[in-house]
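So that you can tell them apart, the chains are marked A, B, C, D and E in the order they are listed, and the count of residues begins at 1 in each.
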């Protein structure tokens, strides 16, 4: 699919003199500097990370790096590709990475990528946990050996380190960026397959394929020009697509899928092959009334996931029976025994446990999945016979309550990975792990198993350890698995979407006109 | 020499005729026969009944969230479910009937609160004038100047759990200044009427004058304005809920139904159509009712 | 006139201060910690949070924060958002869009409302009058987004007359449809007001004088009735323009117009206090300026009002 | 030679919420060129409605002309086309209204309002119309007319406003001028000026003048003829001096007696008791019967017609002969 | 039933003043053109001295805008003068506070021009007439109020059966009677009538004037009677004051002012009234005043009337004449008082 940029697109769909051009939906970026907004599709197109997943092989491969190696998973040696430059022609060196990493890890910058470096040695000095002032302004674990060599020391072994290097916060930044960060913010220079052309605030961001990019196929898309059209809501983008003004949309809500099929045709729909997300009902340990695992199991048993999936979700979600999505190697089918619908058993377990006469509060983000949460609540209420109350709040407020452990009940949430690893899911249940604040679940055994799994360079062994950890967690059921939603993208005739390990990236779409 | 026939000037009621009858009296006669009044009054009455006793309209059937079957989600209207079935698999007719309560309650309570505040504050501002008036007017300016949606969102954010009362609070908080201005200007008109001065001359206190003379004579325009406003408030609630900052489930309201329906406009248009019809008819009813009231009270009316 | 304007401008200051204070206080009270929410699911280390708080002066007592803010505003500095962009830039970037939308909508509303109002007023009590009333109120009753979505699909997608979303087509094409929706929704009030006012004026003694001069009905209406009928309408018109600036949230979202509305909702959701207050300040200012303009216009069309 | 104005058996009704009110119940009037006629009567007797009907200024509905003729120089106004009427209003007949502030359009300069007549009826240019307006303002003695032509009505005092209204009415040198209580809202000094002005203009242009008022002394002062109205009817008409000096209708007598005069000082004023009949349900007989000292059975059973009671005089009273000698109102 | 004849001479007996105005100035501020512009005022009353004698009627005449209504408001205590004293029985009413003020309130009442506007349209006649007693509950015990109200109704010639009606159910003359009944409910000593009969038809006007005179006789009231109808003022007044531009320019007994007026303004004013010219014993020739009264914001220097005075001399604009006695009880503010006849050029 790549390489057809030169075959000449038709006028009309493309921009200007026959050049292939694709447009995609985006919201007004808060920032297009990858470190500041790691989720940004624009940032991804601009930046070539050290490691990256090849869209053709679906394998993690070195990109800007020649190699990333470690013997103990703690100290990692990185060798850069020769002769790589930034869009402006300045060479990409080890320092380009180290500088960017140090800046991102600096707490006071408040760049969103900050947390990525928590595993690096020296991060705690820059971001002391006890609230004291930072004592360092550089990551001590990052050493620039020479222009093409870097050495990174982690606080603990982590076999996923190369995967971390495929995420956007680890992008390099040219020296010029630090001279004037504000200017860089408006016109970033990076080393990726596309270079920045213009940012017309609230209207569009234009990127253009960079001839100097040395990465191979599987890291670039087919269009010469990429236009990020800015929308505030996906509905508007959809309407614009039906009017023929837009080529690609990702994260298409399930409610839109049928409509798209009938209005735009089946071929417009792109189903992401690797399911990377999961919806769960997490139950904070600190909510006393919900502490009993039996109650949690009863709740889980009272939800008819199949019915909801078939009706409300129109089959665009599958019931979940594990704490991780099936696409992960550590997945064991049915690891959650109580993730089936059995109201009789549910009632019985609950009765044996002494019943529940309080109110089950379900918190959720008021901006999304309201109907789903209602349906779940209704199932619990009708089938288990307990009182359920919904508490929808805004995203910021919910995050704060979750992070500060101020939730009043169970919380409905969606979790996705940044890179494909069971650790990304299970660390939620590790003391102090990523996302652990939500439940506050803590189990020494689990902690130990996860630590071991992370440090294990042998993937098979690691997988086993992860599965083991999961089965222990499942006993306490700090989270009730609900659904694995299918992720959809929409494409126009000219666009050919694809995804890398469950992540649909616009800039890798093929151009088919 | 002359025949003095008539009685003298203190003759009593012999000449007590009904002089040029006031327009109000005339208009009041058989007002309920006027089509505008009759139609809008019926709608308003019906809606209020629906809000107060939804059971009547659902034939004592199950409540809005009972007897639902999630597998039937979004089924179009049929004989058994004349308005179809909603997203949660519940009978939509029942839901819409129960949804009236929130809308009507918001409309009426907010208007009533705004009416009360405006009557009191407007009367004070208009009657006393001076710095009190200046202060109140400036406060009104503030409340006016703040974009309503922004202010309402911010206020609604203050509540963890948003229910009908928080929505009412937020709407009421910013919906009185118009009334105050209105009341103030009609008080300004009444304040200098001679009967007010006459009461002053009799030694009436300010409180008495406001209560007995100013408010009764200045209140009609405000009353009419607020009746008109009921419809506006019903729409406002729906609007707030639509942008996700108004009511939240499990509350049932037309606003919520419309907000939810938006995602299903193509798949299940009935979800949108029915509450929209009810909302429109209700707003129309209240607005027409206000208009009719205005005509009744307007001495220049006909 | 100059003196009047001066006095009015002096009066604006306390109103502006009061309004910003209210919004500032409310945003301050809003639950949810903007810093905690900054990084999503991963809680930031305390120190970082503290550092950021300090950088944004979020750790100062409320009145100090407010004081600093106001001082900044008087210097034209509305602060920066959490991504370091000056709030004023953010707002000014979007203000023109909202402004274009509001003014277009206002203009359309003016035309629709006046035409219907005059039409109804001239035929007061007749069928046409009732029809005009029902027509306008109907649009007031149907939820705006229903009309908006319908119009978007029909005119934007089916007929393709206008771009269904976004402002790429520029003014006026990108604004006509959303503005029309807003205008239809809002025209009812204007139409009613115009009608009532016109009916009043038509009863006025000076119109009888005009008739006694042997003038034609057209001349009487255009030359004598309308301008007088407009006097009470002007206040309403001016203020409604200010209102439209702040009230276009839903329409902007549906038609993907990058205006103030979206920014407003987003910043409230993200607890971007400075942005919220900045918007409020500017909109209140706009309101006050319009208010003043209205009153000045008042003096122009009604010579009795001495300014 | 034809009469300037002749009104024959004019009837006007208003439909109100309560029913049909008979405001004008068979009015007959005639006026010659250069003559001035006063119409007297208490409030609600139908003076203004008569004037408006002649001018074609009634709002229909609620008013309805139920019959009669209005001949202006022999031409029936009630059957004339709207266009023809417009041609006549202004140039041939015009009217001065009571409340000068509300009779002037508040948003136009007075000069424009006067000049409009010239523009519409004589096709003057803007400039010529303005010059004519200034001339007209001079004629009604507005000081420094040229500098005030662009002022608005509210910038003038009550007396000046009334003069502007008069200027407007006189602008096209009409044959007939109807002045409906032109001085009621003004104080005596201004009233004197306005009445003087009207008299003077009437004499200068040989114009017919109808002056409506309830002030007997004003009628006495200005008019040659007087018609007394009561409940929608003319009850007595004739030369002013004769009618007021020697009334042939008890109502006229009552009116003229109830005015204070020097000789009554220290005594009670004679007053007509009671109030006029309900126009919604006029009595079958004489409308004045219930207040009349002379009323007898005949009066309450049939309405007296307007009959000649002497040279150029008419009265609608069965007892017109007895009025002077036999009626005294209580005091 | 009241007596029909009133003895003229009986009332002419001079009594002591019940109310007195001393050096009253009433200045209203004018809206300033600029925030810091100098203050300007309308001098509605600018130094007025007047006496109201017990059981007598003081008539006040003058052109529109000369300050008559302002005078009425100041007299009644509705407004506090900018300067000067309003004495009732020798006490300044504006210095009274609390109970004393309330007690004083009862003594001075005002009857308004527009009978309909002065009655609360939403109250029945009974409510209107019981209001005075509700405000002053000590005056009539609760049980006796109904009777008292009925008595009032009868006193002003209204049918007590109509107590339940609303003001709009009555004719103009009857409405004015209700107003008068309310005015006398508290047994006032002074009744101020600001154009109380101007809005009424001639025949009704006669009825109301008769009623007022009857009441004066019965209750010993003092009247301040303001009207445009000069003949009525002459008819009802014992003493008359002429006002011009916020000042009293002539005062005296009704005969002195009407039949022997000495101020050119009074003479011009009286001559302008056709009712006084027609059938008057004193021959009057119309003296047409030119122009409008000057603005009370910047009254002319010197004699305020000199701009319109038919006999003005250059000296008139230099200084202002005082109010000087020309005959017993007859005061004139003019350098050249006396009849105009023969002095006009």
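Simple rule for what comes next: contacts are C-beta pairs under 8 Å (C-beta built on N, C-alpha and C of every residue); 3 or more make two chains touch, one makes a residue touch a chain.
All figures in this text were calculated on a predicted structure; none of them were measured in a lab.
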Exercise for review: Any chance you could name the chains that touch subunit A and subunit B both?
Suggested key: C
Check your understanding: Considering D-E alongside A-C, which chain pair is linked by more C-beta pairs in contact?
Key -> A-C
Study note, to complete from the structure: Relative to subunit D, the most remote chain by C-alpha centroid is chain A
**Study point:** Averaged-CA centre spacing for the pair subunit E and subunit D, given as whole angstrom
**Key:** 31
Check your understanding: Distance-wise, how many Å sit between the C-alpha centres of subunit B and subunit D, to the nearest whole number?
Key -> 49
Practice item. Can you check how far apart subunit C and subunit D are, centre to centre, with Cα atoms defining each centre and the answer in Å? Key: 53
Practice item. Using mean C-alpha positions as chain centres, tell me how far subunit A is from subunit E in Å, no decimals. Key: 90
Study note, to complete from the structure: So subunit A residues touching two or more other chains come to 235, 367, 393-394, 397
Exercise for review: Would you please write down the residue numbers of subunit E that are in contact with two or more other chains?
Suggested key: 4, 171-172, 207, 210
Practice item. Going through subunit B residue by residue, note those that touch at least 2 other chains and give them in order. Key: 8-9, 11, 15, 17-21, 157, 160, 262, 302
Practice item. Using the touch rule from the top, collect the residues of subunit C that touch subunit A in their complex. Key: 31-48, 50-52, 55, 82-84, 93-94, 97, 152-153, 156-157, 160, 163-168, 252-256, 258, 262, 266, 269-271
Study note, to complete from the structure: So, in the complex, the side of subunit A touching subunit B is made of residues 235, 253, 255-256, 258-259, 262-263, 304, 307-308, 310-312, 366-367, 370-371, 374-375, 377-379, 389-394, 397
Exercise for review: Enumerate the contact residues on subunit D facing subunit E in the complex.
Suggested key: 42-43, 143, 157-160, 186-193, 195-196, 214-218, 220-221, 254-255, 258-262, 264-273, 275, 330-331
Review point. Which residues of subunit E touch subunit B in their complex?
Key: 1-2, 4, 76-78, 101-102, 105-106, 108-110, 112-114, 117-123, 131-132, 135-136, 154, 156-159, 161-162, 165, 168-172, 174, 179, 182, 185-186, 207, 210-211, 214
Review point. Which positions of subunit D touch subunit C when the two form their complex?
Key: 52, 55-57, 59, 85-91, 94-95, 97, 99, 102-108, 116-117, 120-121, 152, 154, 165, 168-169
